[in-house]
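There's a structure below that I have some questions on.
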Amino acid sequence: MRARSIRVRGALATAAALTAVSSACSAPGEGGGEGAATSAVVGIAYEPETLSPLLGFGKDGNSKIFDGLLTHDADLTLRPALAAALPKVTDGGRTYTYALREGVKFSDGKPFTSADVVFTYETILDKGTSNPSKGELDAIRSVEAEGDDTVVFRLKYPYAPFAERTVLPIAPEHLAGGQDVNTGSFGTKPVGTGPYKLVKWSKGEQLVLEANPGYWGGAPKIERFTMAIIKDDDVRATRLRSGDLDGAILPPNLAKAFKGSGRRTYAARSFDYRTVTLPTGNKVTGDTAVRRALDIAVDRQAMVDGILEGAGRVAHGPVPTDSEWFTEGTRRTYDPKKARAILDEAGWRPGKDGIREKDGVRASFPLWYLSGDKLRQDHALAYASDARKIGVEAEVQAGTWEVIEPRMPEDAVLAGGGSPSDPDFDQYPLLRSDLAGDGFNNMGWYDNARVDRALETGRESGDRAERKAAYDTVQRELVKNPGYTFLTHIDHLYVVDDRFGDLSTQVEPHDHGLAAGPWWNVEDWQP
Amino acid sequence: MTPRTGSDSGSSGNSGSGNSGNSGTGGTGGNSGTGGTVLSVRDLSVRFRMRDGSYVRAVTGVSFDLAAGECLALVGESGCGKSVLASALLGLLPGNASIAGSALLGDDGLDLLRAEERVLAREVRGRRAGLVPQSPAAHLTPVRTIRSHLRETVRELTGDAGSGRVRAAAGRAAFPEDHLDRHPHELSGGLAQRAATALALVGDAPLLLADEPTTGLDRDLVERTVDELRRHTGDHRALLLITHDLAAAGRIADRVAVMYAGRLVEITDASGFFGAPGPRHPYARGLLNALPERDFTPIPGMPPELGALPPGCAFAARCARASAACTVVPDLVSGVACHHVAVAHA
Amino acid sequence: MADTVHPAEKTENGPNGPNTAVWRSRAVVRRSTRAWRVRGSAAVVAVLMLSVLLVPPFAQLDQQAVDLAAKLRPPSWTHPFGTDDVGRDLLLRCVYGLRVSLLVGVVAAVVSTVIGTAVGALAGALGGWTDRLVMRLVDVFASVPHLLLGIFIVAMFRPGVWPVVVSVALTHWLSTARIVRAEVLSLRSRPYVDAAISGGASRRRVAVRHLLPGVLPQAGLAAVLMVPHAIWHESALSFLGLGLPTHQASLGTLVQSARGSLLAGDWWPTLFPGLCAVTATLAVAGLAGAWRERLNPRRRSELML
Amino acid sequence: MARLAGRRALFAVPVLGAVTFGVFAIAAASPFDPVKAYAGTAGLSASQETLDQLRANLGTDRPLVTRWWDWLTSAVRGDLGVSSALRQPVADVIGERVGWSVLLASAAFLVAVLLGGLLGVLAARRPGGWTDRAVTSLAYTLEAAPPFWLGLLVMWLFALRLGVLPAGGLTDTGSTVVTAGEVARHLVLPAGVLALSQLPWFVLYVRQGVGDALQEDPVRGARARGLAERTVLTGHALRSGMLPVLTLIGSRVPELITGALLVETVFSWPGIAAATVESATAADFPLLAALTVLATFAVLLGNLLADLLYGLADPRVGFDG
């Protein structure tokens, strides 16, 4: 009697779970499992912590739910979005005037006006808003609306790449304005002007988007776009293979396995570098000789071929070699012999176990990578292996950011970064000495007065040639005193089902948000 | 004094009691039964290999015949190898046992000791030889009722398990119908015994082996049980009653075989054994004298371990008449295996 | 069911002449295979121990040496187990992995045995309500699935080797405690212990002279039996990403980091570490089983783990 | 029976209490800062002020016993708190997933019992025979093989090499509705591997139980009655031999949960295991605590079930004792 009731309860629980999941998975207005090409499910690795632009969501544009004043096209040229045209720049680069697109509505039907723009920027700049990237808007002195359809930004200094910043998504004042910006429900239930509306966000699991029929750019053909959040690379690959996903971002070794399986692999070029921080505070990594030796002791090409399966390029600094900002003459040549010579000359003598020593200091330092990040792990192992060959020991260790962060002033970290929009975007926070120890800015505590000055010039000068010269200086200084060993620029690999036809990708930054990859323009897909 | 081997004496199995005098197995005045020989055992030996590699000789060179309508009581103290003998006859010995000799069953002379397990299972047990086991409740599967045991056995042996047949089978051993749905542990000793008897009788086997059927029963029940067994034997069955209870044996046996340390030491008519002239072997006499209604004096000492038998007569250590002759194992001559007796008769 | 016929055998049958009997038996003799199994286990354990103890200090080989040009080579003469996805030799990695796993296993087994012996001896020797309380505590512990409790402990104290050791040790002392307690109880009821107590021997003397020697073999056996358990546990935690960091070789992390290669179709980085685990477990358990058979001959063929 | 269930329930109360307290004590001894865990990577750049606020909200500044008691009382009322890793009420997390875990575990258990019983009986029939050796060797090897390893090999073979079964997940995602057929197809590999991991125990115990039973009097009696070997095995040896196995079935629940944790991870089965691992990596205390308690509850339930099964199967066991 008792046994039976237990069994019944178990069966009920199972049945309840079945219904719960099936109702969660079934799409309203959609029939059985044919799925068709009007819906797409993609697997992504990272989940945004919030969907509120006010807290940093989509700050680099392309947030699907929102639009910025401007947006990037395939080759990263700025195009007007919520603005009717590119901004008028006056006052020697200190004033940006945007005329707004007319007739745009938020997906809840309320009209979009200049007040929303002002609200968005002012809220982000407000001290009480915990938006970690508000520093990016540091140049703004004021934002003003001139009538319903014009917004004027006034800057503190002629910040050359400012227009690039205005891809930032615009939030509706009538919804987001009435609640606490940091804790309000807007972060989980966002409403914007973008091509898609949020249907459901089950954290850690998936983000379900539905086409916004009233989108000013025309209703998207892909009516339902689901982003499954799968942190584990292997699981993502498994589920892509099992047909669970239509597309996914994958590390190179896993993407390779999908060749000729009715899916296409897209390699998105990126500015995303992997680098080893060589903290100034460490007696070994702070030594310029060690830094220079390591810089030429790593076999970057082997990493590109072996770890990235060829999907990437060697990095000779933060700027990719094919960028217009790259400084010719700063390419590093792999030369372990010379590296050893540098160390010999600097007084680092090989010890008993083959590890060099100088003044009682062993040429050994810990090298941390984010646990679970296979790509960083492999880079770290390869780096350590190369370093060993010249008598320097990098002790590879794994940890979460919580563990790693307090150790950053002393220990080396396998870090990543890079942004294609403007050299200022990533070099300034990476190298400015006054940003050392500020969160994940300047993790290596790099301290070089000439670099500091050049970064300042690059940021504030409106003159293109002057800026180029400034960033050339930075890159040359990084050869003389490489506080970071730049290893590779990695291509982001995406595998997508054939049925969506031939897709395109953008050049991507390190922080490839939700809407990177071939689905950067999912609203334009023509299934 | 003729050396015997299992193979050369086996052929005479069918000839009943008509053995030549010097083989000695039939005993004097042998069979009081009416039918032919049901079972003919020659030189049956069983030994067990122990984990340390040594052997335990449980049964050594036992020979006897059993005719239809006859009841042979195999008596002896506990641990003398009686029950092993029953197991050997039914092929129920554990894996570490090995056997020698022969045991020919019925008209076709099937050798139980050489028959394949399949033959034993399909043709012999239950059908040609039924077993009434020692501690019958323990020989029933505890999780099943008596009815289910009976039904299963009836179906197996007769191919039909209608409730009528089951009831009839129970009735034959006077097992009360209203107890059929009880589990073995819910039965009294007497009822369990009846259940076991009923199960043994289902196949109508010509040979019944009753292995200590009276253990744990009180005197009244013992008598009733052995009487029933005798009744079931009737004219056409043979009953091998294995017991340490001489009184029970005396009640129903036609002949008595006494076993000591794995060997038969005496085999004779029951009337002569229990009446005059009485047993001839000193051990058999001692057994009988130990009964309460007689001298009530136990035999001094303990029986030897079957794993460490003395070289000569196994009883010599306890025997008042032991002499130098006893260092040799005596043969069974004229139904008794004792140097002193044999000498006395000669 | 072919009967085994032993050759005619002579039995001592007195002056009447040897009595020959043909013995037939249905038994299958198994002693030799058991002996072989023990010998085989011992040999495997010896090989494993030697390689684990000797290879790392003496070999001039770097298990972490990355050779990106030789990545994912299938098994060959130069790399008997093949190479992994950054070109490290898998045989060497397996040796190091086994070393770490064995180390974790042995340390955890010893710690858990010490805990178990202490708790069991305490309960058994003191008896009364201490005994009842302690055994209830054991019941409580037994109610939580080992791995889950292990996960919980590691999650709260990660990262590193020690939380893994602690989590394995803290979850595996129960059976030892039960065994030791039973042993102490049975020893206590032996006449010579009784005699010692009534003879006025001090508690401590009784414990040291009489109880301890009786308990130690059982505890030692429990420790050896625990080693495969602990290895298993460590590898499971590591596989879940909660044990050792993935670049450090242990049997669990090796399988874990081989997942990607497996999905790409390369089977050897997954196969060999697992085989090592199976081999090591079977060998250690085989030896422990033989020991147990000698120690408790009545509980003959029980479960291995 | 009611009394037995009552006694078990009575025992369960202190056990659950002790387990939850233990869980809180471990967490209290942990160097991990639950506030930082809650804040996640954002917490790295969060101000001390914000962290203090969070600390007060989460109530981690209060003494251990108070927190435990508060948690316990709200748990009894059905409020298990909010998972910091999945940012969802713990009750929802469990509710959504436990059904799938139960499905997987019971399917695997069923297969293991049936297959294990069969192999165990085959092995017990002739101890030392080649079937016995093959079966026991297989059982020992399976017992030594980590289930996640088995799972990966099986996945490689069936999903990648042969392509006959899906490699993981619950359904094909092309479809938006969960159908029984799809779930069944996706269930085969994980349930099979979980069953394999549980198999050795059943095989060896059934072999032992039936092997012992074959030596005992009831089987001797059945043989003597002339029953066919098959009847002797199934009707007698198996039925008495399975009794000790039945009593121990309940004690398998922990191992089943352990195995399910690993198998679910390998096959990305959307059960509670995935949630467990995720909550563990994120040091998500509320979810971990609830899952630990849930597992303990399952174990106690298993014990009760075993008692009841034994009582039903063995007429000699009374329920008054």
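Order of writing sets the chain letters: A, B, C and D. Residues in each chain are counted from 1.
Note that a residue touches a chain if its C-beta (ideal position, glycine included) is under 8 Å from a C-beta of that chain, and two chains touch if they have at least 3 such contacts.
All values reported here derive from a predicted model rather than from experimental measurement.
Asks: Which chain is most central here if centres come from C-alpha coordinates alone?
Replies: Looking at where each chain's C-alpha mean falls, the closest to the middle is D.
Asks: Go through A-D and A-C and name the pair with more C-beta contacts between its chains.
Replies: Of A-D and A-C, it is A-D that has more C-beta pairs in contact.
Asks: Specify the chain most distant from chain B by Cα centroid.
Replies: A
Asks: Using Cα averages as centroids, what's the distance between chain A and chain D in whole Å?
Replies: 40
Asks: Could you please state the distance in Å, as a whole number, between where the Cα atoms of chain A are centred and where those of chain C are centred?
Replies: 47
Asks: Using mean CA coordinates as chain centres, what's the chain C-chain D distance in Å?
Replies: Going by mean C-alpha positions, chain C sits 23 Å from chain D.
Asks: Suppose each chain is reduced to the average of its Cα coordinates; what separation in Å results between chain A and chain B?
Replies: Computed from C-alpha means, the inter-chain centre distance equals 92 Å.
Asks: Residues of chain A that touch two or more other chains: which are they?
Replies: Counting only residues that touch two or more other chains, chain A contributes 238, 241, 372.
Asks: When you check chain C against every other chain, which residues touch at least two of them?
Replies: Touching at least two other chains: 27-28, 241, 259, 263, 265.
Asks: Touching at least two other chains at once: which residues of chain B meet that condition?
Replies: Residues 95 of chain B each touch two or more of the other chains.
Asks: Hey, which chains are touching each other here?
Replies: Listed in label order, the chain pairs in contact are A-C, A-D, B-C, B-D, C-D.
Asks: Enumerate the contact residues on chain A facing chain D in the complex.
Replies: Interface residues on the chain A side: 1-3, 6, 10, 13-18, 20-22, 24-27, 30, 32-35, 39, 41, 49, 130, 132, 202-205, 228, 230, 232, 235, 238-239, 241-246, 372, 401-402, 405, 439-440.
Asks: Considering the complex alone, what residue numbers of chain C touch chain B?
Replies: Those in contact with chain B are residues 1, 6, 12-17, 19-28, 297.
Asks: Going by the contact rule set out above, which residues of chain A touch chain C in the complex?
Replies: Within the complex, chain A touches chain C at residues 233-234, 237-238, 241, 251, 253-254, 256-257, 299, 302-303, 305-307, 369, 371-372, 374, 377-378, 380-382, 384-386, 388, 396-400, 403.
Asks: In their shared complex, at which residues does chain D touch chain C?
Replies: Going through chain D, the ones touching chain C are 14-15, 18-19, 22-23, 26-27, 29-32, 126-129, 133, 140-141, 143-146, 148-150, 152-153, 155-156, 160, 200-201, 204-205, 208, 253-255, 257-258, 261-262, 265, 276-277, 279-281, 283, 285, 288, 291-292, 295-296, 299-300.
Asks: State the interface residues of chain C toward chain D in the complex, per the touch definition above.
Replies: 27-28, 30, 33, 136-137, 139-140, 142-149, 151-158, 228, 232, 235-236, 239-242, 251-252, 255, 258-259, 262-263, 265, 267, 270-271, 273-274, 277-278, 281-282, 285, 301-305
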